[in-house]
């Protein structure tokens, strides 16, 4: 409850600050680098990506699972495990670059440059102009030469903050990542012993691990993209 | 060879002596009557014969072999009913016999089961569940279980309990037939002398765990003869004198005192012969008939 | 010996009382399955409220595999009481009925009879478990379908792939059979000490409750004896549903986290079974059959 209230305060402050920026930069235009990135991504109307998903959350033991990721312009995204149950960051998975940029409902704010994994990246902040969007602010780390986004950090209204890190391979020309890593904060997990009927000694190692690590990641490593072949709308329902 | 040989068996339950130094033998083909009041030690003795109870002391041999060491082989040839007929209420008469036939090493034919039910008069209720049986019918079924595998030794503990007079007569006829026609050895116990005397050729009376009297039925029940107790200063010498005399009385084995059965008119003559032999006779007491004797000793409990 | 076992099984399955346990298990399972079918989403929502704050879980969480796990958690605590109904009656019931003396005057030794009775009681127990497995697993799979097994333990969650679940249930049921056979042997031992069944049945149930409390309370004094109590080990069938992870926190398919724990528990339970049955044989051999 407290966490939620705290989140709400952050969101309101951020919205207020953003509106100040917007009013100060009433005539601000979209950054040309963002345009470049959007153009690159604009080649892709839809894709079906096959990959392997890895869940790394301290209180979850899950094996690698085959997934299919469906995307359709402007911002429809669905991750389906190839049979079975999938775990995805709440609200975060829809916040891919395509989803963010295709809305066109934002202003950009340059935020300098930063080194990341040996690359000099341009940092640009996106502030939504549409109150109906479920994110509040998003920071992008972009390679200016390749027009590829290597990292985003997005704060949502309801679901906390997410970082998404991208790696690129053979589909870099279409701006499609070969690996995406979602990072997010996790909460405590605990079910009463009376519910689980687990009495007796708790596994101390599990307890220690749970206490230490409050961050979780979900990685999707893509092996294949099928681009612009059409996807029925029913997939996203 | 004795079919049953019991040597000085005793059984204590704590301080209670249920059976006290009892010995007897049962020969092949005999119908042996084991007579005693309720609580006299009959069932305890029978349970020891069947190794249901471990004797505190003494030996038991059946068919010339120790029951402790040759139990399986011995019990293959024994059929028994012990006390009240306790059975499985949810099984029928036929199912009972099938079940108990199955535990025998020698296969029991289905025709044997039918024949046994006819023998005990239960053929018409063969497929009815035992919970619908009267006490008498359960008794008959208990006897049938003892007979189904054609044993050579049959031990029947109060087999006529709960039977009507016709039923009692039927069982009596069955016992006589089994002994006479089929040569079975039968060990039957009862608390009624009238039942035993009609079927048994040898009788043993047990009272408060002790053997009181044992003998051939005809001899014990001869109305011309009376049970006489002779009290002397030297019982051993008196007994020796009697045995070497011409009276040939029937000696009733007792640990203490001299008990005999002899014709009434021979009593004074015996007294004379003892006195002439130098035996100091303190008293001679005639005990009336065996039945009176049995009632007397059992009513003194 | 096989004849004796056949006879004992025949007697067990001819008694109406035998079917009470089968009926009770069926009724319990059907009621729980019905409840979960009607209101399972609310139940799953409650279990997953902590997870749902952080993650979206996509897929059929409330599937047959999870339902079976929930059912086993509930029933394997209570089924021992149903097992005791038959096991604790095996010898004392016959003594009370008076039929024990009939059996012990047959050409088979008391040891043969006692072992045959125990084997028959064990077969009954296994059949009860198979019935439970059929209803809890296969009927649940039919009603709720299948998907990965999303197990919510007290401190962590285990996600086991669909294809990796069934063999674990086989292992769990085999383990559960040892647990239930321990109860069978305890009931059997109690039965050998009495001439009527009420005492052994109540005694067995009381012993299970008593030792279960000792096993679950976290009091240092009890911790000394816990490793030796069969109730401490009876629920370790759950270990089949905990998996190892590698250094990257990836679950290793087909693995079991703590195999030594399972082995130790099986060993303890087996020792209890042998001890109880041996004690029963000794008691019956020495006993005077007065009933």
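Which chain is which? They are A, B and C, in the order written, and residues in each are numbered from 1.
Please note the rule applied: contacts are C-beta pairs under 8 Å (C-beta built on N, C-alpha and C of every residue); 3 or more make two chains touch, one makes a residue touch a chain.
The structure displayed is predicted, hence computed values, not measured ones.
Across every pairing of chains, the maximum count of C-beta contacts belongs to A-C.
Relative to the centroid of all protein Cα atoms, the closest per-chain Cα centroid is that of C. Averaging C-alpha coordinates per chain places the centre of chain A 98 Å away from that of chain B. Mean C-alpha positions place chain B and chain C at a centre distance of 51 Å. Chain geometry summary: the mean Cα position of chain A and that of chain C are 47 Å apart. Counting partner chains per residue, chain B has no residue touching two or more of them.
Contact residues on chain B toward chain C in their complex (touch as defined above): 47, 50-54, 71-73, 75-76, 78, 80, 82-84, 86-88, 90-91, 99-100, 102-105, 145. Looking at the complex, you find that chain A touches chain C at residues 54-65, 79-81, 83-91, 93, 184-193, 195-203, 206-207, 210, 216.
The part of chain C that touches chain A in the complex is made up of residues 47, 50-61, 73-74, 77, 147-148, 150, 152-162, 164, 215-216, 218, 226, 232, 235, 238, 242-243, 245, 248-253. For chain C in complex with chain B, the touching residues are 3-4, 6-7, 10-11, 14-16, 97-99, 101-109, 286, 288-290.
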